[in-house]
Every structure is written in structure tokens, then in C-alpha cells.
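Each of the next two complexes has chain A plus one more chain, namely chain B in the first and chain C in the second.
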Partner chain A sequence: MDPVSTATASPSGLLLAGSVAAIAASLWLLLPKASDTVASRRLGFLLGAVALVGFAATGRSLGSVGEDAVFLTVAGIAVISGLATIVTRSPVYSAIWFAMTLAGVSGVLLVLGAQFLGVATIVVYAGAILVMFLFVLMLAQPSGMAPYDRVSNEPMLAAAAGAVLLGLLTLSIGRLSAAEPPACCRMPSRAQALAAAAAPADGAAAKDDESTTLIAPAMAGGDTGDANEVAHLGAELFGRHLFAVEVAGVLLLVALVGAIAVVSRGEATETDHRREGR
Partner chain B sequence: MIPATMLTNALLVGAVLFCLGLVGILTRRNLIVMFLSAELMLQGVSVTLVAWSRYHGDWGGQVLVVFVLTVAACEAAVALVFVLQAFASTGRLDASAWQALREENLPRVIDHELPADDRVVPTWPHLSPAGVVPEGDDSRSLERDHV
Partner chain C sequence: MNLLPSAATLAALVKIGLLVGGLMTAAAYLVLLERWIAAWVQDRRGPNRVGIPLTKVKLFGLGQPLADGLKIILKEDFTPSGVDRVLYNAAPLVILAASLAIFAAIPFGSVLPPLGIPGLPDPVPFLVAPGLDVGVLWVFALSSIAVYGVLLGGWASNNKYGFLGGLRSSAQLVAYEIPLGLGLLGVVLAAGSLRLDTIMNAQAETGVWYAFAQPLGFIVFMVASFAEAARLPFDLPEAEQELVGGYHTEYSGIKLLLFLVAEFLHMITAAFLIVILFLGGWHLWGVTGSSQEIGWIQALLRFGILSGKILGVIVFFMLVRWSWPRFRFDQLMNLAWKVMLPLGLVNLVTVAAVEEFRPQLVAALGPGFAGAVAIALPWIACLVGWLVAGVFTPSGTDNTPILTHDPLDIEREMAEHERLERAPHDVSPTLAGSR
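Presenting the complex of A and B:
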């Protein structure tokens, strides 16, 4: 284990504390306030860059920059665009920056080996949800920035809270990587999983014969990183989690009907008038 | 399966995205930007779930992210409808326009000094003139018999 990144060692702890302070100051400087100047925003950007470098050093990635260059790039895109999403004054630019964040997150998912989710993030989020946001923005705020976009609620407290939470999360992540996982939380190895799939008699998950045959190919795939990732995810999704998929479909239908019902608000339609007149 | 260093890096990215979304939803006053911040938090959680899923070689995390996507789509549809209704009744996308719903013992949010609109006037690119403007008769151009 790398002693530098355990975050309990004092130089690394100091680095983390410095990064947290820099992030808090940077967020506070960047968030919309009444006392904004161009210089303070530039200082905020500078502090944000310093904090980013500090965090990259806190993590373990700095030792193998060349190896993880792709990951660092997409993660940097995601994080910087996420920062820009919440500090940009114009909500339209905010939505566009969020699309950039989605691109970065999709890249992170692809690097992690989740191909289907990487593509689904772009297709579902950037293609559907974000466009919906933009439509609503165009409907509701066609004239650009409003006064309430140039101020924020309690920027100093919120920036401090977010930075402290981030520091605590980083500390716990660093401790996690330093320590071996306890026996209770260790996942069974692939061989054990294969054995469990081959013996359907034990375990409540293997009660149903049909579900067992559906689970089996997914479990035989075992490793989540092979070439048939999408096929295995589909087998898992429509095998063990088939009922949840049905529930998700019902949820989509309910959301659709509910959205239309709220919009129409029970207003009388043309056919209603015709029926009353009859 | 991914190595532990990759897991740590991905967890860090997820944590940063989550905290940024948290700060955004706490501070911003535009309802739509608040929802964008919530989606940012969802993205952070998704990255974390996928990282754990790949680390353990278990599909549960990725399946959960699929449902997170589904619920996010539903949530965005319903929430944006409510945002539009709120805009129709107040004419603003401001969360503080609804402060009549606050607790009785909480102070009222008053905008003391709204900053001046510091929008920069956009400078459009200057196009070089391509030839001479033809002399035309305005009265005749309105009643052309053919194009």
C-alpha cells in the first residue's frame, strides 16, 4: 500500500485539508453573489484548479499518470463541468455544462467497463432528460438571466458544508483503500459464485427453476468486464430483476399520466363542451 | 474486475460530483438549476455504484444504476411539470417566490442588493462586405409579379 495516499499520514492529511479549504474558498468565490467582481471569479477559478491538483495528489492516480491518462481526462472533464454547472449564472449555460458533465461521466463509466451504462447515460440523460430541461428553460425564461440567478442562498455556509463533506468522504475512501475489507463485507470469489449458481438447491434466489436458468448465464459470465458485458447485464436485468423492470415500466407510465394530468388540470376540453351542449 | 486504485479514483470522482450537486442545490435559487444539481448528485451516486459493481464483479450496482436512470427520467418529467406550473402562477423560476410556504418562525428572505446585470454585450464577428448593395426601389419590390 502506498503510504502517501492513506490520508492518515500527516503530509497527506495536510494536503487534504489544504485542498478542502481551497475548494471551499473557490466555491464561495465562484457562486453568484452580490459582491462579485471579475477578479474574485478569476481567483476562484485559480483556487479551484489548485484544489483539483491537490485532490489528484490525494488520490492514488498521480503515481501512474500515463496509465490513467484517459481516466484523468474524463474525470477532469466531469468534475470541472460539474463545477461550472453550479456556478454559471445563466441557467441555459448551466444545462449545457451539465451535458458536458454527462459526457465526462459517460467516459468514466466506459473506463470502468460499464459499456451499456456509459451509452445509456448519453442517450437517456443528454438525449432526453437534458433536452426536456432546455425546453422548459425556453418556455419559462426566454429572456436569459434573471436577478435571482445572480445571487445564491448562503453561499459561504453551503460551500463550507460541501467542502467538509467532500473532505470526510475522501478521508473514508482513503482509509478504505488502505485497509483490507472485513470478512463480513467481502464478496464471494468467482469460483464460489459459480458453485452457488451450479447448485440451485440452496439459497432463496434459486427457488424458481426458470429464474435459475436465466441467472446461470449471467453468473457464468462472472467477471463484469468481459466482451459480452451488455448481454450479461441484460441477462441479469431480465432474469433476477425482472419484476423490478416491470415495476419501473409501471412507474414510467404513472409519471407520464401524472405529468399530463397535472398540466391539463382537469380543464374542460372541446369534447366535454360538446357533450354538455348535447 | 478493476484494481483497487481505480476503485478509489472512481469513488473520488463520485464524491466530488455528489458534493458539487449538494452545494448547487443548497445555494442556487433557480428551480431548474436546483434540479440540475440534483441530477448531478445522481450522477455521482451512479459513478460510485458502478465502481463498486465492477470492483466486486457483481451486477447489482449496475442494475441499480439502470433503475436510477429510469427514476431520474420520471422525476424530471413530473418535476418539470411542477416547475412550469409554479412559473405560470408566479412568473418567476425563483425558489424564494414560494417563501410563503416557510415555517412560521423562520425569517423572510429579502433581497437587499441585487447585483447589476453584468452581461457582456456580445461582439458579433465582422463580415467583410461582399460586393455593392444593389440599388432598388422599395415600392416596386413589394409588388413584384414574379420572383
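Presenting the complex of A and C:
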């Protein structure tokens, strides 16, 4: 498992390097610039599609065809709308593509079995924060934007930096997931976990006692197929991490009070008049 | 590799088919019911002519939904110039898809008796997605997605009335999500679960519906769900007298139909939530037990009771529509932030205290008396909270302009008038422009 040899010599390493180059070129072509033509945008779309297929090909199967299909669909929605968020010129469309990204990410979380996180992503980001964004963007007329606001800043550097980061992350995460985890931290795949949950009495217990004891704590810890996921999450949050939760709450309260203080500074109050000696 | 769908998948598909078909039919006939109730309130006859097509059978007008549907589908699907085409076409789809997807987590009955089909859990729940542990949050998430349909529809149609409707709607929906959530939290706290079927079972087991155990939460949730469904007195997003039609002013034909169906689905969702969370779901004292092992008659009876309660809540929604005038926007916001939010907090704290000290109460007073105290305390909180809110909150109903002088001071008025007559150049630019 020599990192250099995996990255350069193996076919998957070459594929990854090619995908990174393609996504960099595609991003550079697609980011809003003054010199955009139809041909360059088309080439950008084409390169982007090739790069995404390349990235998908470096991944591994999740277990079954159906699961792969669902995962690739939601992940594709997340990635493609993420790209569209930064290459769209209209701010309103950017916000909507971002909402699509969040929907895709939430789908990925649901596929992975993190129900609460998936739904909370939609409630908090798509449902509240982004609606406020849209609100403001719609009030600001898109036609009133200056030309320098409609093009991206340093598109080439941004595309290159983003692509390199993407490539490195894919490489390191791919190697992490490919390596055999130590016995203490081994998690069952979703299919295994569901099978174990469906038939706890027969089969598994009779066949191998050790494997069931390995699976059981992972199941209780909030993995897929857990019936009390939210209860476990709540116990964890308000038990072990109570202090962090409280600090975050106080921080939000301070931000709220600060916002109100900033807003209400504009109006002179009665005490202000009295202080001026009237 | 097994490419055939499993029994669980097939069961889910069957449930989705039944639910979508049932909801669409229900929405069509609820429109007829709404028109009947409107006619009854206004002392008219209402639609009573259309019966079986191509015959003379009238059937009290029961064929009206078919005629209405055909008419609106056959109307011209007109797209005004200057619209943002992609978003204009996407908005009705977004809102309808979100309002339908909500029902994946909403149980529409109790359970079916065991069918004995291999691969299916026994007993079969009346729920499309029984494994979802975050049912209530799912409902919230998708109803917040439905805001996009309204906002985008209003913005994309390039119409100031539509845009105003969209803005009003998003502000209203975002504001009322907070009291809605607070009303809900009390129930979640008492039932100890985010699953709607578990919440119903908890009410069936104790026999105390949460509307009785948490009256303040019930009121807050009810008011907030009226606002979330944008029904009168909260129908500012599409106030006909002010905004023509609000966010769907520029829509016609089948796209308008999608918007209207989605609105009805929101009302049905609100009715489902009110019944499931606060009115005991399928439970009725002395008729249904609380057991999960039931026969066919009991299963159908529970389904019927749930449907009946939902119909009752919907009729209440419709009667309210013809009984109260619309709020002004500042009154709406005052109600959300200065009345409903504090009342929701009071309810939450009361419920939390009762649930926390319930074991000590039972130990000290015995189960019967402790139960009575646990119900009496929230009622006292409700009464006190209601009185305080009624006495101390700014009602915000006064919209007379703030005058710097006495309007009955005739001499001053005359002097002002004379000054204006003598010096016509002195008028302000806005006044001059309007002349």
C-alpha cells in the first residue's frame, strides 16, 4: 500500500489523475468569465461529464445494484448541482442549485442510514436559511448588477485549487475505505446489518458467536436499521456532549442579541432625547 | 443477484398507489364539500346539478369534481411574456411533489392483521415508510420545501402581485414554523418518540389524548397549522381582494390546478397532524382497544375512526374560513412572535416539568390522583397564559395614523388650508405629482 505507487502506476490512480485534470479544465471553462462562448461552455459540460464518470469509476460498490443506483443518483444530484451553484450567473438560480445540493446530500445521508442528520439538513439549511437567502436575492433585482459582479474572481486558480483538493480527498478517502480496518472498529455493511437485524435468532448466532457480538455494539451505536436512532443521538448529544451543546446555544443567543442591538441602533429612543437635554 | 423487488418494496408501492389515489380523490371531493359548506354558510344552494355524465341523474351534484377537473385541464395553459420559464414551470411541480411526499411518513390507520406473506413485517402498518424514525421531522422538512414552490412561482411569473404573494407567504410560513414546532415538541416530549404511529399508540394506551393533557400546545399548534396551510384567517399569500390571486395570479390551466391541489393537500396534512398528535389518532374510548394484535373488523374500524376525525377537522377548517376576517400582516406577525411563541414556550416548560416529576407524583399521590394533577397543571398553565397574553400583549389592531396635532382643531386646519392656497409652490413634490 505504497501511496506513490497507488497514485501513479495503477489504472485507478491514472483514472483519478485524469478526472482531476478534466474537472479542473471543465470548471475553468464553465466559471462565468467575460470571454465565454457557446463552444467553450459546451466543451466544459462535456469535460465535466467525463470527469464525473471518472470519479464514479474510482469508487467501490456498496453491495447491491439497487443501493448503488440510489446512491449514485443522489450523489450525482449533489455534485452536479454543487457545480451548477458556482457556474450559474444568476444569483437566484445559484441559490436554487444550492438547495438541490442540500437535497442530494440529505439523500446521501439517508442512504447511509443517518436519518436524523439527513432530515435536519433539509429542515435547517434548505427550509430556513436558504429561503431567507432567496428572499433577499429576489428583492435585489438581478439586472442591476455591475459587470464585475457577474464574472468570477480568478477562475483559473480557483478551478485548479478546487480540483487538486478534490483529487487529494478522493485519493485519501478511497485508500482509507479500501484498507482493512482493525478488528475493534469493524462496521458491518448495510446489507449485513439488515440481515442480522432481520434474523437475530437463527443463522447468525448458531454459525458464529463472535461475529454477532461484533455486530451488536455497532447496531446499538446508531448504525443502519436502528429503531431508536434519534433516542441514541439525543442521549449522546445531551449526555457526553452537553457542554458543547450549551456553548453553541449561548453563542447563538449572543448572535441574536447582537443582531437586535445592531438593528435597533438606527432609531433614537426616549433615553437618547433625555440625554441630549431636551 | 436478485433484481426482483422484495415483498416489502411491493407493499410500499401498493401503499403509495392507494395513498396517492385516495388523496387525489379526497382533494377533489373536499373541493365539492368546501363549496357546499360555503353555500350553506351563505344561504345558497351550492353545486347540485352535475351527476352521472350523459344521463339526467343528478345525485346531489356528486359529479361536480369531474366536471371541475375536466374544465380546468381543458383551459388554455397560458404563459405570460417576461416570465422566467424554467422556474415558472418548475414551481407547481415542486409544491405538489413536496406536499405528496409528506405522506410517506404519515400513518393513515393503525395496522392490518397479519397477512402471512413472507418478507413482510407482521402486522402490516398503515404507513408507507415504517422504518423512518424521524417521521415528524420528515413532515417538517418537506413542508419547508413546499415554500420554494410558492416563492419561486411568485417570483418567476414577473408580476408584482405574484411577487408580493410569494414574499408574504414565505415570511408567514417561516414565522409560523416556530410555534408549530413548539406545539409539537410538547407531544414529542410526552410520547418520547418522533414517530407518528408511536405517538398515536401512546395516546391509545393511556386513553388521554394530548389535546386534554396539553391544551395550550393544542391551541398553539392548531393556530400555527392554520397559518402553515395558508387558510383563512391566514390566507394573506393569496388575498384575493389585495393581490388578485397572490403567487398564482399568472398561472392558468393545469399548472393552476397543481397549485390548488397542493394547497388542499396542505390542509389535509394539517388535519392529519392535528388528529394524530392531539386528538388520539385512531383511538376512541370504548370502541378501539390499544392492542397491536387485532382482527380485520378492528383494523377497518380504526381506519374509519381516523378518517372520520380528519374529516371533522377539515370541516372545522372550512367553517373557520367563512367565520373570521383576514389578519393584517403586522397583526399576523404580532400573533406569531408575541403571542404564540411565548405560549408555546409556556406549554413546553409545563409539559417538561410534568413529565420530569411524574414518577415522584405517582409515588406521593398514587396513580389516579397523580394523573389528575398531571392533567390539571397544564390546564392551569393554559388559563394563566391565555389571560396574560390577552391582557398584556399589544393587540396591534390600531392602524389610525399618528397625528401630531388635534384633528378637531378647526382654526389650525383653516390656517393650514389658507397657507396652502396662498403659496401653491410650497406643496411637497409628491402632492404636486399626484395632482
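Heads up, the rule we're going with is that the second predicted complex is superposed on the first by the 191 of 278 C-alpha atoms of A that agree within 3 Å, B and C clash if a C-alpha of one lies under 4 Å from a C-alpha of the other, contacts with A are read in each partner's own complex, and residues count from 1 in each chain.
Assume a contact is a pair of C-beta atoms (placed from the backbone, for glycine too) under 8 Å apart; a residue touches a chain by one contact, two chains touch by 3 or more.
Just so it is clear, the structure is predicted and the values come from calculations on it, not from any experiment.
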First (chain B), second (chain C), both or neither touched by A:Leu169: first
Partner chain(s) touched by A:Asp68 [first = chain B, second = chain C, both, neither]: first
Which superposed partner A:Val230 touches (first chain B, second chain C, both, neither): second
Which superposed partner A:Val250 touches (first chain B, second chain C, both, neither): neither
Partner chain(s) touched by A:Ala128 [first = chain B, second = chain C, both, neither]: both
Touching partner for A:Met138 - first (chain B), second (chain C), both, neither: second
Contacts of A:Ala259 with chain B and chain C, given as first, second, both or neither: first
Touching partner for A:Ala120 - first (chain B), second (chain C), both, neither: both
Partner touching more residues of chain A, whether chain B or chain C: B
First, second, both or neither for A:Ile96, with chain B first and chain C second: second
Chain A residues contacted in one complex by chain B, in the other by chain C: 64, 116, 120, 128, 132, 139, 225
Partner chain A, residues of chain C touching it in the complex: 1, 3, 87, 131-134, 137-138, 140-142, 144-145, 147-148, 151-152, 155, 163, 166-167, 170-171, 174, 177, 192-194
Residues of chain B defined as touching chain A within the complex: 1-2, 4-13, 15-24, 26-30, 32-33, 35-37, 39-40, 43, 46-47, 50-51, 53-54, 56-59, 62-63, 65-67, 69-78, 80-85, 87, 92-96, 109, 111-115, 117-119
Residues of chain A touching chain C in the complex: 64-65, 92, 96, 99, 103, 106, 115-116, 119-120, 122-123, 126-128, 131-132, 134-135, 138-139, 225-231
Interface residues, chain A side, partner chain B - complex: 5, 27, 31-36, 55, 58-61, 64, 68, 71, 75, 78-79, 82-83, 85-86, 91, 94-95, 98, 101-102, 105, 108-109, 111-114, 116-117, 120-121, 124-125, 128-129, 132-133, 136-137, 139-141, 144-155, 158-159, 161-163, 165-166, 169-170, 173-174, 176-177, 187, 190, 193, 218, 222-225, 232-233, 236-237, 241, 244, 248, 251-252, 254-256, 258-259, 262-263
